[in-house]
Each structure stands twice: as structure tokens, then as C-alpha cells.
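By letter and in written order, the chains are A, B, C and D; residue numbering begins at 1 in each of them.
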Amino acid sequence: MGLAPTYLGSVMSQIIVNGLMLSATYALIALGITLIFAIMNVMNFAHGQMYVLGGFMVYYTYGVWHWPFALSLLVAALVVAAVGLILERFFFRSVLRRSRREESTMLLAVGTALLLDSLALALFGEKQRGVPDVVSGVYHLAGAYIPARRLLIFAIAAVLTTAFIVFINYTRPGRALRAIAQDRETAALQGVDVTRYSALGFGLGAALSGLAGGLLISTDAINSGAGNLISIKAFIMIMIGGAGVVSGAIAGALVLAFSEAIGYYFIPGSLPYLLILTGLIVFLLFRPQGIMGRRWG
Amino acid sequence: MSLLQVSSLSKRFGGLQAVDNMSFEVRAGEILSVIGPNGAGKSTLFKMIAGALKPNSGEIYFDSRRITGQPQHIVAQKGVVRTFQETTIFREMSALEHVVIAHHLQATSGAWGAFVNSGRSRREEEAIRQSAAEILNYLGLGHVQNEAAKNLPHGYLRALGIAMALAAKPKLLLLDEPFAGMNPEETDRAIEMVRGICMRGVTVLLVEHDMRAVMRISHRIVAVSFGRKIAEGSPQEIQNNPSVIEAYLGREDDELGI
Amino acid sequence: MNRLLGPLIGLALYLGIVPLLIHGSSYWLTVFINISLLAFTSLGVWLTFYIGRINIAQGAFALIGGYAVAVLTTLHGWPFWLALPMAGLVAGLVGGVVGSTILRLRGVYFAMLTLCLTEATRLLALNWTGVTQGASGIIGIPTPFGGDSSYLQAYFFSALLLLAGLLAIWRITQCRMGRVFRALQAHEDLAASIGINVAQYRVLAFSIACAFGGLGGAVLTVFLQSIYPTSFNVTNSTDFMLYCFLGGLQFVLGPAVGALVLFLGFQLLSALGSYQALVYAILMVLAMLLLPNGLLSLRFSVRQKSMREGQV
Amino acid sequence: MKATAVLGVGLFFIGVALAQQPVLKIGVNGVMSGPAASWGLVNKYSAETTAAMINAEGGWKIGDKKYKVEIVALDDKNDPKISAANAEKLVSMGVKYIIGPNVDTTAGAVMPVMEKAKAINFPYAFSKELYTPPHGNSILGMIASYQAGPVIYKYLKEKKGVKNIAFLARNEADPLNQMKEGEDAAKMLGLNIVTSGATYEPGTTDFAPVLQGILAKNPDLLVLSGVAPGDAPLLIKSAREMGYKGLLSTETAQDAKILQQVAGSLADGFISVGGASTPSIQTPYMLDFVKAYTKRVGEWNDEAGTKVYALEMILRTLQLAGPAAINDVELFKKTLTKFNIPNPFVKGNPPLKFVGSAYFSQPRQLGVPMVVNEFKDGKFQTLFVGSVE
């Protein structure tokens, strides 16, 4: 309606840029939670809390102590992976073994989320935290604004995602993880050390979430109570894409990111999320397994 | 007289033609077996008759009424009840409870009556319990009726599955591999059991691997391979049918017991 | 008759001794009113567990019930006693309609979907300003409990509601319906094979569950005299689920015990100041780790153990 | 021997004196865990700090007795049910004055409790119904954004020539109400509202999609209604990076540290409202408070600049109303109109009183001065100090 074509063009390219930038970090979150789901059949409600933990690691190492950004990302990944391993060892493993009902692990995850939330508040305080930009500057591309810091995050997230896919598909531990995801018992019969690799999978999933948190705090702010919202987004993504599938996590991240980018542009307000959620519910009725809903791999 | 009529039934899974244009009929009062190598489409056929799978094309008539693509519980209400291939059970419940639940179609008092425990519903409950105990006794499960199903040995579970199916008062009983994994003595007993059921006026359609048992028990046999019917007839005729031997029996003579 | 003795004693205690013990303190009455109503609402979640579904949507139905009663009494002048059953009915109907489609999903998929449903309901309440007045909420909702004894009235009403709910759910589990529900929980295909209309029964169970949510939410709303889109949210939905789980999914009393322990626990821990939330969370996780089948399983296993020892 | 006996007797009397010192309990009921924890915690920390400072001086004098001030703080997890139960608990302990809760949802649930128990609370929620007759037991704890908004817009219209204005709010009750009030105020001033009803979801981390549509309409002023301290720097940064050249403002208090950490110099020129946040206007008493707060909590929070007022004003009003008011809030209410003292925290500015008659037709608001700040070089600088009637 009376809008110049160039304007529309720049709107489109900005929407595409926004969607892409968002989807890269979303993918990291979704990959982590889908990995844990595939290996342990646990819907990890505490995923967002691990993201928060990763964010705070980067806040302290990079923001307060001024370590190099790459090093602080590494620290975030390792610390969160360690927390993931502890949770797997002392929380989930024993409950998986002893419980009469499969729901128990999910509820334990809810409890764990609460525990980590309270711990984070006690350790990190109530204040919002952020860190200075790692890189500064803004690029223009076909009428779209691309901040350099977002481009950096996008690049790192894309590299990490690719590395993860390569790892899962072409390495020995990756193949073992895939075998466990497909069928625990068969994998065990084939000589895969299920206990050890489950722990590895949980730790790796946690590390991905921690990395996502560490990356995002470098452009955004974080507080100790932000975890649950991230978890809900993670759930939405893997439901869209199909739980337990690598390609599904990426598809879910893309769909959610672009739905947000488009929705917020055309109908600012809370309607986009209402539409996304309603759309998701309707979509799942026709395709309960999500877009890529196959078995793991 | 034909009780069940299957005509031109087909089912595809992706690129795989699991059942291909299959037609046959089950006559009232007979025991008909469907045989075929693994992956021949026997289970798919079974599930379609029971209403657990919708066919891509073709028709199924039961008692001259069309039941194609109707949901399982409707098919069961009309008198077609299946047992499961796997040992599918309600793990935590006792054997008696299984059979009581399976009387679901026999219960006529309303949900509200049951909720407020009305006199009528109490009398009905009592009757159902008795009937369930009788069925269990008949199938030799009387002494384990209060045992949780998860603690029962496999042979008992298969009998329990049949007990449940009987409780639903079927006209046509679909038995999925009732003799799998049994030793000769157990098979003998099971054959007697199935014959006994048939004597009581229940038509039986079964899918089975154990050729020895099939040849002894069946009135007629339908042989399938790669989703197609390749032969139909009496056990004698099937044993001598060249395409059956070619597709199935030729390779594994011993299974036939020739 | 022996079997009824335990519940009867419990009933007498809850209706008689609790108000006596707390000397009509409006604080403790408020705590027990909340516990009764939260337990009542959780009974619905328990019933969905009973048909083998993890339900994280109860906050949504509590919100629906809350808005139903708020809109009917405040804007349309209905009396509370008419609006309350209507709230249950509306929630039950919505539950039936939604359930008839989403109940096809199982396991974590159903759980996640119901979580999304809670969020979607909040956003709907926020955007449907014509009915809900959006973000500004509805306040000044009239309460049927008045005078000096208003807290006591509210206490008895919510306690009786809980007892009626417990009785109803207990009867459901004892009668044919309960048997069918247990069959659905254990194996839907097997249930269908013996002629059970699986879809119909699970929608029935879910509708009843949602009606419980609607009723509980409605009474809570009237007790607080206000409702906003965030009055019942994802946190509440997960809380309801946790009450059931912590009490024990095998026991009709599970949600009541869970609500009692968790709500009372949080109140009692307030003496710890800044560590309240942390200690609360630690205790909850410990309970889950040590008693993965619920607090009531403790009593159960003790009894089993003593029986075993008696035999030796 | 004798000396120790004397000392012992002396200690005994001191002990008796201490034991006999009457205690004045003040409640804090708010959200102290979860994503919004900072709101309630800053209330709690501020009240505890003030109480500790007063008790160190021997207590607070009301009538002829000195009272030890004791703060009873309860976490409501932002849940209306728990908030109401907390309020009941506080009044059952004899607490008549409660600071909090923090949002409309909880404040709405606590209001009936206050009225039944004849107690007064000081919510930080902006719903007008809470403070307007027939209700009268809630006193708004700070400047409402719909009060600050018109003042700021007027200033910007006159000084910076703002004509086109856009609003953006977080999709929650309080910010949405503030946006609505802000839009009404802008209309009254004859400003042109270029976007209406734009919101973003809580938990949004990338604001580019949200901002894109708004900035396309070329506003001179973008108002971030009720923006949380964590979201503000991100919104500012995104807007600036997307090439936005206009002004940015909000009507809520912000935190300088997070603005500096996240947005740095991009946040220069951002206009917000603070309590007593800039050193240029702080009195020595306020400086002491900042020091004590920092020691107690470990880090200063600019939010405390507005939240320092509640306890101070409760205590001073009680002093004026006399000891009977400790248990009789009607006396307290009657004193509200008489209360008028020099602001203890801000230098040389309008006196401190209870305001709000213009909005609620009764004085049900703490007359916290409206300190309008501009962010520059990592710090807030006061543009002007306004007041509310």
C-alpha cells in the first residue's frame, strides 16, 4: 500500500537476516535438548537453567575478569558439561533405574530446574547482567542492518552446529550415541557402553546449552531466573522439528526463528506467540512426530 | 456360509506393498490359518481386519456388513476380536482383572450407575466376575487369577490373551501366532484349546509359523507371500501346491514336517 | 466397614481438628484453604496421569474457570452458586473439545503440547480483551463468604469440596470406569481390541480432569477476589503435576498429600529467609530421589515390609 | 569481685532494657525468586538497610518510646495465592504496614486481605483501582509511569521538538497498562502516535524483529513502557544499530551498570526516571544509605533509589500520627494529608508528602520526587526533578 518497492525489499531482507541470526543460537539450544531426549528419553526442563549457567560463566570470565572471549566460552562449555554429568550421575541415572513410571524423570527434571533456579539466584544474585560487545560495528546488506556482534555469534553458532553434526555422524562416539538413541538394548548387545555414552550424551547436551547461553550473553542480558522461558522455547522448537532428531532441531529452530521474525514485524504484540502456539498445536495433530520426525540420525 | 469376506485388500507403507490385492473368506465355524514367510504381510492383514490399520483399498465384510476402516472397538463390538502377537498385557493388573475388563462389551448398566454403585451395577459386577473366573478356569488359569500379569510366565500370558478375547464374546476370533515358542506338549494343549473354542461356536482365523500345528488344526489354509495370496485350500492341498512349496515350503521342508 | 475407618478419621480430623488447632487464625485458614483448593485442582491432573497422560495444562483450565466465574459474577451479575458449576462446565467442555484432538498424542509429546496450551491460554486471556479485560484483569470479584466467619466458611467450603472431589475420584477408580481408565494407562491398543472406545473414554477422563481444574480455579479466584492472565500460569501447571507426583501417582490421596506437604512446606520454610526457595528445592529434589514413587509409597512399603517380617 | 558484680548487674539492666525495647514490625511481601526476583529483593534489602541504620542509632522514636524496627520479609514467588497467604501471615503477626507486592496480579489478591485485616500495604503496581475509593488501604509506592510519562513527553516536546512518538511494552500486565496510559498522555499533549500496541514477549533476546516495524514509522521518540532493567539496554542497542537516530525514554527506574555493560555508549542520551540516583542531588543521609546498602548486599542497585522511600515514609508518618497509629491504620490514613517534610534523600527539592489525589481522588501514593535522568558516560545525570500531585 503505497510502499516503495525498495522499502519492501529492505523489509524482506531484514526479516531474513533477523530470522537467520535468531535461528543459529536457537539451533544450539534445540540440539542440546534433543540430544538429551534422544539418549535418555528425558525432557530436560532444566535445560534453560544450564543456559543461564553458561551465560554467567561468560559474564564472570569475560565480563568481569576480562579473559579472552574464546577461552571464556570454553570454560562455560566445560563447567556446564560438568554440571550436566553430575546431574546425570546422581539424579537421572538412579531415578531412571528405580522408578515405576516413566514420568518420574520428567518430574525430576522439573525439580532440578527449580533447584538450579534457586542456586543461581543464591550464587549470582538478582541483578541483570551483560557484557560489552566482543566486536562492534554494523554492516548493511540489501537494506538490512547486521550488527557485527550478531554476525560473530551467528558464525560461531553455525560452526558449532556443523561440528556437532560431523561429530554425531562421522565419529565413533557419535555413532555410539546414535545407536543408543535408536535402541538402547540393541546398542548394549552390540557392545556399546550404554552407561558411559549416556553420560557423555547428557554432558554434551548440557555443554551445547551452556555454549548457547555464553554466546547470547555477549549480545544480550541475562538474569538468574531466565531459564524457564528458554526451556519452553526449546520445547517448542523440538516439537516443531521432531524430538530426538538432529535435523528436526535445526528445522524447529529455523521455523521458530522465522515465525518470530515475520510475526513480530507484521503483528507486533503478543498475537504472534499465540498464533505460533496455536499453529503448533494444530500442526502436531496432523503430524505428531514433527517435521523431521524420524528416528535419530 | 461366509462369516468374513476380504476382497481386494491392499496396504502400502511408503514404498513397500505390504498387502497386495488380497481376497479370501472365512466360513462360519471353521478354523482358517494364514501362513507365509516373515514379512509376507500376515500381521498387516490381521491388523486391517481388526480395525487397527486402515487399508488403502479393498473391502472387508463381516456378517455381510461392511467393516472396512472402522475403528477397533466398533469391529470388536460387531464380534471380531483379536489377540496380540507380542505378549501385550496390562502389566500391573491381575489375571482376573484382565478378563473382567474384557467383559466391557457385556456391561449394560450405565456409567452413572457404576459410579454410584447402584444395586443393578453391583449385581452385574458380580455376574461379570463369575463369568471371568469361569473363563479362566476353562483355560486352566484359575489358580493364578490373582497374580499380577507381569509375574506370569509367557505360556500363561498367551492363554490370558485368549481368555480376554473370549470374554468379549467374539463370533470371529483372530489369533496371532498362538503357538509361537511353545514346546510340543504345550502346543498339543494349545491346539486342544483352540479346537475347544471352535466347538463352542467361535470361528477362528489364525496366523502362524508353526506348520506342524497349522496342518493339524486348520480346516483350510490361505498361503501368502510378498503380500499376495498364492494359494488357498485344505491342508492337504496346500502341502502339495507347487507355488507354496516354491515360495515357502521348498526351502524349509523340515518346517512342514514332511 | 473397616476400610472406611481410615478415611473417616481423616475427614473428621480435617473438618474438626484443623480449625480447632489453628484457633481461627485467618493466616492458617488461608493456608489450608489454598491447600484444599490446590489439591482439588490437582486431582484432575492425577486423573489424567491415571489414563497415562502427563498433563501440564491444568493452569489453563484453572484460568478458564477463574475467568468464567469472574466474568459471570462481576460483569453479568450471576450469583456465585450458579456461576461456580458453570465454571466447571465451561472448563470441562473446553477440555472435551481440546482433548478430543490432542489426546491422540502420548508421552512427552502430550506433555509438551499441554504446556503450550497453558501458554496459549494466557496469551488468549491477554488478547481477548472483550471478555477478559486483557492485562488490567478483573478485580473486586464478589465473594459468597461474608461476616466475621468468612475465613471459616471458606475453609469448610473448600475442605468439603476437596473431600467431595476425593470421594468422586475414589469412586471412579473403584467402578467400571476406573478399570477402563487403568486399561488405557496400561495399553490403549489392547483396550481397543476388547471393544473399549478408547477415544471416548480418554476424552471423558480429560473432561472430568479439566472440570476439576475449572472448579478449583474458580473458587481460588473468588477467594482472591481478582484474576489476571498470569493468575494461573506454567508454574502453576507444573506445580499441580508436582503435587500429584510427590504425593504418589498410585494413590487417590496423592495430590492432597503433595499439595499439603509442598504448600505448607514453603510456608514453614519462610523462617529461613533468603534460603527459603533453595532449601525448598533441595528438599523437593531429595524427596524425588529417595521416594521416586511418591511420599505415600513410604507408608505402603513400610506396611509391606512389616508384613514380610511378620511372615518370617 | 565487686566490680564484676556491678558489671553483671549493669549487663543485666542493659539486657532488660534491650529486652524491653518495644519492637515495630514492618512487613515486606514481594517476589524474591524467579525471573522478577530483583523487584522484591530490592524492596527487602532497602527496608533492611534502613532498619539496620535506625536500630544502630538506638531505634525509631514514636511518642516517647524508641522502637526497634524489625523487617519481616516474605517471598511470594509472584503468585497471587502465596502473596495473599503471606499478607495474612504478616497481619497475624501484628504487622499493620507492609511494603509490596510488586505486580498487579499479586497486589490485586492482597488488597482484600488488607481491607479485612485493617492494614496498609505499599504495592509497586500501577492498577488505579487499587488506590481509588472505595478502596483505600493500598498506597502506591512510587511514581506511576502514567504520571512520569506526560512530564517527560512535555519536556521533550518543548526542549527537543518531539512530534512523532512510538510505544513499545513487554507483554505483561504492568508494562501494558503503562503503555496505554502513556498513549493517552501523548494524545493529550497533541503528539502523533505512530505505532500503537507494540509489544514483545518476556524472554525475547533479539529485539530486531520487534523494533523493525516500529522504526520503519520514523518516530522522534521511542518510549519503552515499563521496561525491565535487563531489556532496556538490548532495546536501545538494537534500535541504534538499526540506524535509529531519535530519542529513547522510559518511565521506570533503570540500572546504570547494566546499561553500561550491555549498551555502553549507545545508551547515551537514554532518558529514564530514578529516585535519588545521581550523586549531584543526593543528601549525606542518602550517601550513607548507599554505603550501607552496598555493604549489606554487595552491590548497589539503582532501583533502590526509588525503593528507599517506603520504610522512611511509613516511620515518619507513624512518628507524626503517634504511637496509637502503630495498631490503628485509620489514624495513619488521617495523617497522610498533614504529612509534609523536607526530602531526606534529595537535596533542595520539593517537600516529601503523600500525593495522588489527582489520579485516585485521595492521597494514596508516596510522593517520591520524579528525578528524570539522562544516561551519559556510564552514569545517570539528572535532567530535572519534577513532582506529582
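FYI, a contact is a pair of C-beta atoms (placed from the backbone, for glycine too) under 8 Å apart; a residue touches a chain by one contact, two chains touch by 3 or more.
All values derive from a computational prediction rather than experimental measurement.
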**Prompt:** Can you list every chain in contact with both subunit B and subunit C?
**Reply:** none
**Request:** Return the chains common to the contact lists of subunit A and subunit B.
**Result:** C
**Item:** Chain of greatest Cα-centre distance to subunit D
**Value:** B
**Request:** Pick out whichever of the two, A-D or C-D, is joined by more C-beta pairs in contact.
**Result:** A-D
**Fill in**
subunit A to subunit D, mean C-alpha position gap in Å, rounds to 36
**Prompt:** What whole-Å value do you get for the distance between subunit B and subunit D if each is reduced to the mean of its CA atoms?
**Reply:** 73
**Rounded Å distance between subunit A and subunit C, as computed from the means of their C-alpha atoms** = 32
**Message:** Two-or-more-chain contact residues of subunit D, please, as numbers and ranges.
**Reply:** 32-34, 171
**Item:** Numbers and ranges of subunit A residues touching at least 2 other chains
**Value:** 117-118, 121, 228, 232, 269-270, 273
**Asked** Which of the chains are touching one another, listed as pairs?
**Response** A-C, A-D, B-C, C-D
**Contact footprint of subunit D on subunit C as seen in their complex** = 25-28, 30-31, 34, 38, 126, 134-137, 139-140, 143, 150, 220, 223-226, 228-231, 235-236, 266-267, 270, 273-274, 276-277
**Asked** Which of the residues in subunit B end up touching subunit C in this complex?
**Response** 50-52, 71-73, 76-77, 81-84, 88-93, 97, 100-102, 104-105, 107, 111, 114-117, 121, 125, 164-165, 167-168
**Asked** subunit A touches which residues of subunit C in the complex?
**Response** 49, 54, 101-102, 104-105, 107-109, 111-113, 115-117, 119-120, 123-124, 126-127, 234-235, 238, 241-242, 245, 249-250, 274-275, 277-278, 280-282, 284-285, 288-289, 292-293
**Prompt:** Of all residues in subunit D, which touch subunit C in the complex?
**Reply:** 32-34, 73-75, 77-82, 84-86, 88-89, 91-92, 103-105, 108-109, 111-112, 116-117, 127, 129-130, 171-173, 176-177
**Complex contacts: residues of subunit A adjacent to subunit C** = 37, 41, 43, 45, 91, 94-95, 98-104, 106-108, 110-112, 114-115, 117-119, 121-122, 228, 232, 235-236, 239, 243, 269-271, 273-274, 277-278, 280-281, 284-285, 288
